[in-house]
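Structures given as structure tokens follow.
Shared between the two complexes below is chain A, which has chain B as its partner in the first and chain C in the second.
On to the complex of A and B.
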């Protein structure tokens, strides 16, 4: 399993691996928003948590179709399916690798991008907490979507359509946690809900992903 | 290495389907340790489907496949290579996945020693194929399931591959191979043509329908 994780990380870092693509996209979205809504720092700081969450979510979405499609194309998915690794482990490791190469950098870069949107000072801590709690769910749900659409020609758009509605609960509670943190309100409830959603998806979705992947490999 | 004596693959009364349509039915064969079985038949008859079913990638419609657990190494048309990883990295990855040690034997077996640091993307088609086949040696599995293993190999490489299979058989392994060329192996031949499924017969139809709705 560690071998698969380190291979996926290596592939992401090498040429054409797509590492940094999501980060660059996130940066561009946050830079574009002030152009769109105007340079009022009062308004910007109000919408900053939501915009940052939305940007992170879309950046995450960009790289989802790479999780399984590349391995499908070159046949390594078939070979992994006949290897000693259980399919559940394969999809879990793939989701973890996706989080480390996408969710984690987004989380770490978010405070910097918060500056661009004049996020209130109290909000930085909560922005990072909400992203670190929420982004693993984005990767795991995304892997499920990738397993559903693997093998479809140009399944990227379909993947987005399938996955975005599933992201709604994470987005609601993640952005709510960041917003409440930024204005100094009570944060326990959205934090627990967000952590609960993430824990639930990590516990259950790998089994569903493995199941649909087996069907798709037939 | 040696694999023990109970490494027998048995296929009983097997019906397989592709895309919900039964393609082969009533297949029976047995592959003992140290033996090779070559599948023959025209294109589209279902050789690949049969191999994928035996490898466990898809369930049979009816019938049984018995083989020792964790005994099958599968190699298909695509080699599962990562273009940005080097030859050695590709092989090391599979060695780690299969929990085996050392890739030197596999490199030597397919004459890849001069290419270890080359990215797999920079290899020729035949070299890629050899690297894909070297994975079989790395896996140390006893039953090889090979789908057209000699595609894009030149005469010398085919001989190299035949030697690898012979060495594998000599240590008690076995191989199920779909191929159109003569590898010069002492192998049994199974022509799957006569087992072609008759359309509209058998229990396979309902499964076909079922899959159609899904």
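On to the complex of A and C.
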């Protein structure tokens, strides 16, 4: 499992792996938003938590089809399927590798981008908390979507379409947590809900992902 | 006593549905005509909403069916995953386009109703948002069916998507409730409440609901039969090419 994790991370970080892609996309979104809505810092600080969450989510979405598609094409997925490692573990490790290479860097970079959008001071802590709680769910759900569409040519659009509604609860609670934190409201409810969604998806979705991946490899 | 699983046999299903389908269709037509004509022409105008209230006879039954069709797909998907009856998977496939149309009808009639009443075509009200999300789920489900060539693989994948999607749809419903307070009134047709829709309006509404339900049953029977015939044609063609 650890070997698979380090292999996936190496592949992602080296040239052409798309490690920087998510971050670059996140940067583009945050830099372009002020040009779109105007430089007024009051407005920007009001929408900053939502924009940052949206940027992180889209950056995540962008790299989803890399989770399984490359391994499918060169046949290493078949090897993994015949290895003693259970399929559930394979998809969990894949999701973990995706989170370490996209979710975690996005979380770490988010405060910096918050600065660009004049996020209120109280918001930084909650932004990081909400992202660190929420992005694992994005990776796990995304792995499920990738497993569903792995065998398809031009599965990218379908993957986005399938994952889009699944991301809604995470986005709502994550952005709500960041927003409430930024304006100093009570944060317990969205935080618990977000943590609950993440824990639930991590616990249950790998079984669904493994099931559909087995079907796809049949 | 015949068990329900007998209808998992396509031949038996075709034979029975052939018998049932005309009756269901006729009943659906009668109830829909009675319900809609009664609702549109023989109910008084509401004292505040005027004639716009009559769109309720399309809006509420369509919304009701939009949710129940997904529920039916959930059940048939489960049956496919557990017992692997092809008719069940095909029924889920057949129901999805009906469901998405019901969702669209609910959204469009809601917009037409909302414009004069709330002064807006669209608002991010929890129920509207949930229906938009439901629409996306239907869209993804149908797209996945269309995208996969192997019918068994497609049935498996869409079934799992339907199960996972159901959980997330319920989750979204509560998330959206938490996220925004709505314009919609609370439930006004529950049995245990005093403040219900007045009887003059609700009787034709119930008839319309039954009519929409029967219409759905007829359409699903018809579409499932078509799917079975389609698959049989494919098998026959393949056999001919071999022989």
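As a convention for this text, the second predicted complex is superposed on the first by the 218 of 218 C-alpha atoms of A that agree within 3 Å, B and C clash if a C-alpha of one lies under 4 Å from a C-alpha of the other, contacts with A are read in each partner's own complex, and residues count from 1 in each chain.
Methods note: contacts are C-beta pairs under 8 Å (C-beta built on N, C-alpha and C of every residue); 3 or more make two chains touch, one makes a residue touch a chain.
All figures in this text were calculated on a predicted structure; none of them were measured in a lab.
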item: Which superposed partner A:58 touches (first chain B, second chain C, both, neither); value: neither
item: Which of chain B and chain C A:29 touches, first, second, both or neither; value: neither
item: First, second, both or neither for A:104, with chain B first and chain C second; value: neither
item: Partner chain in contact with A:75 - chain B first, chain C second, else both or neither; value: first
item: A:21 touches, of chain B and chain C: first, second, both or neither?; value: neither
item: Contacts of A:218 with chain B and chain C, given as first, second, both or neither; value: both
item: Partner chain in contact with A:116 - chain B first, chain C second, else both or neither; value: neither
item: Partner chain(s) touched by A:89 [first = chain B, second = chain C, both, neither]; value: neither
item: Doubly contacted residues of chain A, that is, touched by chain B and again by chain C; value: 218
item: Contact set on chain A toward chain B in their complex; value: 2-4, 7, 10-11, 14-17, 71, 73-85, 217-218
item: Chain A-touching residues of chain C, taken from the complex the two chains share; value: 133, 136-137, 139-140, 143-144, 147-148, 153, 156-157, 160-161, 163-165, 168-169, 171-172, 174-176, 178-179
item: Touch list for chain B against partner chain A, complex; value: 52, 55-59, 70, 72-82, 84-85, 89, 92-94, 96-99, 135, 139
item: Chain C-facing residues of chain A, complex; value: 144, 148-149, 151-152, 155, 158, 161-162, 164-166, 168-169, 172-173, 176, 189-190, 193, 197, 205, 208, 211-212, 215-216, 218
